[in-house]
Amino acid sequence: MSLAHGHPYLAIPGPSVTPDRVQRAMHRTSPNIYEGQLVEMVESLWPDLKRLAGTANHVAAYIGNGHGAWEAANTNMFNRGDKALVLSCGRFGHGWAAHARDMGIEVELLDFGTASPADPARVEAALRADTGHRIKAVLTTHVDTASSIRTDVPAIRAAIDAAGHPALFAVDCIASMGCDEYRMDQWGVDVTVAASQKGLMTPPGMAFVWFSEKARVQCGQSDLSTPYWRWGPRAAPEEFWQYWFGTAPTHTLYGLREALDMIFEEGLAQVWTRHDTLARTVWAAFDAWGAGNPAIRLNAARPEWRGRSVTAARIGGEDGTRLRNWCETQAGVTLGIGLGMNSAEDPNADGFLRVAHMGHVNAHMTLGALAVMDAGLKALSIPHGDGALSAAARVAAGGSAPDPASLA
Amino acid sequence: MSLAHGHPYLAIPGPSVTPDRVQRAMHRTSPNIYEGQLVEMVESLWPDLKRLAGTANHVAAYIGNGHGAWEAANTNMFNRGDKALVLSCGRFGHGWAAHARDMGIEVELLDFGTASPADPARVEAALRADTGHRIKAVLTTHVDTASSIRTDVPAIRAAIDAAGHPALFAVDCIASMGCDEYRMDQWGVDVTVAASQKGLMTPPGMAFVWFSEKARVQCGQSDLSTPYWRWGPRAAPEEFWQYWFGTAPTHTLYGLREALDMIFEEGLAQVWTRHDTLARTVWAAFDAWGAGNPAIRLNAARPEWRGRSVTAARIGGEDGTRLRNWCETQAGVTLGIGLGMNSAEDPNADGFLRVAHMGHVNAHMTLGALAVMDAGLKALSIPHGDGALSAAARVAAGGSAPDPASLA
Amino acid sequence: MSLAHGHPYLAIPGPSVTPDRVQRAMHRTSPNIYEGQLVEMVESLWPDLKRLAGTANHVAAYIGNGHGAWEAANTNMFNRGDKALVLSCGRFGHGWAAHARDMGIEVELLDFGTASPADPARVEAALRADTGHRIKAVLTTHVDTASSIRTDVPAIRAAIDAAGHPALFAVDCIASMGCDEYRMDQWGVDVTVAASQKGLMTPPGMAFVWFSEKARVQCGQSDLSTPYWRWGPRAAPEEFWQYWFGTAPTHTLYGLREALDMIFEEGLAQVWTRHDTLARTVWAAFDAWGAGNPAIRLNAARPEWRGRSVTAARIGGEDGTRLRNWCETQAGVTLGIGLGMNSAEDPNADGFLRVAHMGHVNAHMTLGALAVMDAGLKALSIPHGDGALSAAARVAAGGSAPDPASLA
Amino acid sequence: MSLAHGHPYLAIPGPSVTPDRVQRAMHRTSPNIYEGQLVEMVESLWPDLKRLAGTANHVAAYIGNGHGAWEAANTNMFNRGDKALVLSCGRFGHGWAAHARDMGIEVELLDFGTASPADPARVEAALRADTGHRIKAVLTTHVDTASSIRTDVPAIRAAIDAAGHPALFAVDCIASMGCDEYRMDQWGVDVTVAASQKGLMTPPGMAFVWFSEKARVQCGQSDLSTPYWRWGPRAAPEEFWQYWFGTAPTHTLYGLREALDMIFEEGLAQVWTRHDTLARTVWAAFDAWGAGNPAIRLNAARPEWRGRSVTAARIGGEDGTRLRNWCETQAGVTLGIGLGMNSAEDPNADGFLRVAHMGHVNAHMTLGALAVMDAGLKALSIPHGDGALSAAARVAAGGSAPDPASLA
């Protein structure tokens, strides 16, 4: 007997829920791409995209996905043989590093595991050791989509400054843009990458690279640069078609315009606060469940280590997979798989899952997902502490979650 | 600080959530109404509509709403001056009676208040008293949308039979069709009315009247009959346009086709079970909340008196309105107002609200609405018992709710 | 070998092409019907609907179709046994008359055939003969959808005045509203009926009745009046639900709002001019075709007798049906059947067809339909005069069509 | 006075008209990208994409546009310093060559002007001259989107074979795939590139590269290869995410699935025939117009040099731009600009325009566009020959156009 028939809720960490407004804005036949409404509309996107990332500098948009954004960043920043210092706190730092190596870039990887953020001290030490300033750029994720670990971007900037190193600072905000507070210029970031399908609430198909004036001057003419990825003409085109190096992604652009309208109608600070509060409802539930079953626990031990757009958690054994299946087939909620989170403790990914709370998400959606998980734990007889939903509701009501220590 | 930005959930008792599939099916330009695909598709609707109501007899469809269905039923069943016995268990029995009186039909109203179903014994007594058989038909709601009281249709049938009365038996299933178990032929109902926008998951704009062979023979040529409402040609047209007495409601028809597909893909019995289970999750939550605040209580004291598509409940004082407002503006859930439920105890409607769980609704939506209400109770400091969400989750998990008596 | 695969064009006289904007506006889940955005939006419709019909008086909207509008008008205007004078210039005057008779209204029918408009002199004579003023209302179509004959409404008004008769004057604008010039108040019309699916560019499902203050005072309390059709509460409701006597047709309302926006963005006078010009392109083509085949001719001999939203024409024998089939299956254009236009000359409807040019229609659509018909005439070896498309293009270019007399 | 209000028709050579079915298929929230319906659906695309191009070998799909397809082809085929022989018959051969040069590939360009196709003899000569076989690949457009010149692909293949040269043979079918007959394997093509937004009727955002077994063996590990563009893992992924090197373009994929269904429901051969016939209607009209004004003429003198998806034509002076503007603002048809077709004779692009007839296009759309152009010529008093529309209609009817020579 399934209770899943109804409006399904996709709570995976991207692509996120496409708002009805965005869907409606995209439902149209193709527009003229040489003049008229589309051309005018596109001009309105750039100031809003910069405002979103907190920069007064440059932005290039691509038909591509998040991996495309990596390739755009790497091919513009590096020459073959340059060196990158890459910080990894989960899976996607490794991914960005692998991409760089594939391009012939030398990579020094600082691996911080999958359950804690980058340690600024190690970053500073690595940079100090690079006395010849061979490191062209420091690369990090803001929030790792797999581990949900959030790195303290200003602290890494401070480490670079403390080391007196001239490297560029590049941040992957694919899982955090439009969810977690982010201030590119104020935080001293040179290159920021993101994509359309998470906090930006637009279907997959567009990638973005913001870059500082310093990056503009130092990059863009590398021997890895290609016509498609070269950011210069995209950020400052002489003709409209150069924004996209060819045909514009017309429908996605209409979706993006609507999504940006939604973000700024709500207010960017309020968007961040909403994500923060909803994230804390999820944490409160996991803390309560975990109080009754030590196998259930959040991947990031400390709140300040946690992204506000997605929560990775350990359920244990095969219970993660069993719970995900129950939620999807019995209750209409699709949770994220425990992507690459297998560890010595849990040698397969079955023990992990992820709950997304990114983009177009409200209290009903998130509390409903938690309530469904609670029902699933009961249905599957997975041990769990009581009061998880009440604790989550208390956070949504504006209160605090109980101190996890008090739950045990 | 609002957590409402996300996919909104409308939990009012009609119109209900329009499924994406239905929306998509309706997104089209007008079709040819004289031949081709639409004409063929329409022929497929009639057997499915009959199967839905549990009848092998007749169905007429109208461009109209629920009130239009009443007018269709009344103008076909009655001659001016005929007498109707109308049972009321909330607001809509009164409404149907008022419509009949307006048409010049004499009405005997049996009023069962707003918190309990029709009493078969009183029905039998009233019919026995009608020794001249002036009563042409007995009219009742199956589930009253305002009170959420469900009448025991077979029991009323038995009362009619026990009285040996030849009256027709007409049931308003507007709030229950496609949600609560209903078996028109098996239960001996002569006339059933419903509309598109509740359990049928289709936008408002279409009404339905099913009628028995007995009704067909006795009715349809009354002096109240009009060309628009006359059910004969609609149920057995000689030409296609007569199904709708004119232009067909093309877009709504495509929506209805998709909605019926969804119902029969899931299985009608399973649809009823889903509604029953979700209703019980709601009751479990209210019982738990009420254990901590006597002002909070379900309108219908006994489970067997409760409709499976909507739950009316008393919150007390102005708390119902405050809670509804909080849920809508802070959390993305719109609950139903306490329509016409003011009473001596609560002289205005502020003390009541309704939670719909009709049509395209799954565990995520309903548990999420309950979790949002729990957060609202907390945010507004409205006293309430603990454990409501856990109790609801237990029901969704396939378990039983705690005995309300044990909660106090 | 078919050339039909592409965007199909439905050129039947209703339902007309649903604009993309209207489709998009309707693609949504159900809104709250008790408060909020829908309720506010609905208030904006009434002034625009009145402006459309050219009246400062009253309007009632119904969930219904054109036949529903007739029933609304008849049940409000007449008591049982009242007399109506009905003018017929095709099929729908007969239809309205039949509806009235069915309701117990005495009908005097003036039949002007199917190829010429109502003769004011006969109307005046009939009214003068009614010395006892038993005729409660004069009913006429503005444009008959079947014959495409347009009646001179001010001339009929003048005839009523000349006769000094107090009858109400009711006009069926179902096929003309939003297409042909119409000025209800200025032209002295008391009751106007229309529906959503033709010039109003909204899917079928809504009907409208505008009425004068004189009609309001004299009507609305007749013994034929029913709660559903009674226009008083709909035109001046005390509560929102009374606008629709129950649940509002939510999705159609959003469509209507968008359609009215489109009309007034373009400008109502310009909408009329566009329809007039496009109608003349069609006439020019038929005149040219007919110059080479006497069997091809417009149904209305004189331009001033022709509606601007639809053109009925005779092709002869079975060629009308053959041509319609070719256009639909080979070229993507669905033309209207020759509804009820069979005559002594053409005993079946095969010899007629109709080309609609109503609502959301531009030069491309209409000239394209004519070009397709021209191709069809050639493909089917139906004799036809040359230069039809060039003549039509000349009209669209702002020029005049050749004098038909010069073509022979 | 404008006649443009109605369904607009975009007749530019890409993006082409998005079918309603494709729009509807894309109107949805994001799906799960790890398992379930989307993952299964994607597997169905590959055989259909291969069938479309006429190959039994390999296909890689990209989130990108046509320029992205060039980059994919160039980075897989060439090593830095390799040599390409590029044939240009308009603008896009130059574009592909410029891309190659930018990547450090040596380019020998054979320029055939803008009004005639590649000459196989010159190709053979150039290859014979390359005795050291430094030329790695021969690159050509099938149909140049700017000039509408179609190159005889089998003839170029024959030239390569005649020269006994081992070069790969790469063809840009961006403007022709799904419109013009194309048989990759049979014609001996090694690499074919296309994109979603023209004959494939899907919004811009996806690019495709088909490659032969020979190309697979020889390419894909070049020093220009990047992780994003590398075709190997995309064509033969070990995991689903590798099809897209990251997040899948979910919505575009649903659109593509629907578009491929439409193509194969109609039948690919029939799709080609439809395009061929519609192209000939356009040529017939231009021939007739040109008979009355020597400034009006098709860009390609001979029918066998003309693409079947788009027609470039000279109108002369500023008349091209005037006519385009009239058609768009007065009649609802947007024609293509004369992209890069300025010449000594017409030093600016004003004298040229393009009429697209690609993808979701039927007789109504194309004949309607021609009729609108004819009206525009009249409205603007641009001299033109008579009978253009009649000639076009004759072609659509299945007949032949008049011999252009007979028109003068």
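For clarity, chains are labelled A, B, C and D in written order, and residue numbers in each chain start from 1.
Note that contacts are C-beta pairs under 8 Å (C-beta built on N, C-alpha and C of every residue); 3 or more make two chains touch, one makes a residue touch a chain.
A quick note: this is a predicted structure, and the numbers were derived from the prediction, not measured.
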For this session: Could you run down the chains that neighbour chain A and chain C together?
Result: B, D
Seminar exercise, completed: Of B-C and C-D, the pair joined by more C-beta contact pairs is C-D
Exercise. In whole angstrom, how far does the Cα centroid of chain B sit from the Cα centroid of chain D?
Worked result: 56
Problem set entry | Chain centre separation (chain B, chain C; CA means) in Å | 37
For this session: Using mean C-alpha positions as chain centres, tell me how far chain C is from chain D in Å, no decimals.
Result: 44
For this session: Name the residues of chain A that each touch 2 or more other chains.
Result: 17, 20, 23-24, 27-29
For this session: Quick one: label the inter-chain contact graph as line, ring, star, complete or other.
Result: complete
For this session: Mind listing the chain D positions that touch chain C in their complex?
Result: 1-9, 17, 19-20, 27, 262, 266, 270-271, 273-274, 277-278, 330-333, 360-365, 367-372, 374-376, 378-379, 386-390, 392-394, 396-399
Seminar exercise, completed: Within the complex, chain B is touched by chain C residues 10, 12, 14-18, 23-24, 26-34, 63-68, 71, 75, 99, 102-103, 195, 197, 203-205, 226-228, 244-252, 334, 337
For this session: Give every residue of chain B touching chain D within the complex, in rising order.
Result: 20, 23-24, 27-29
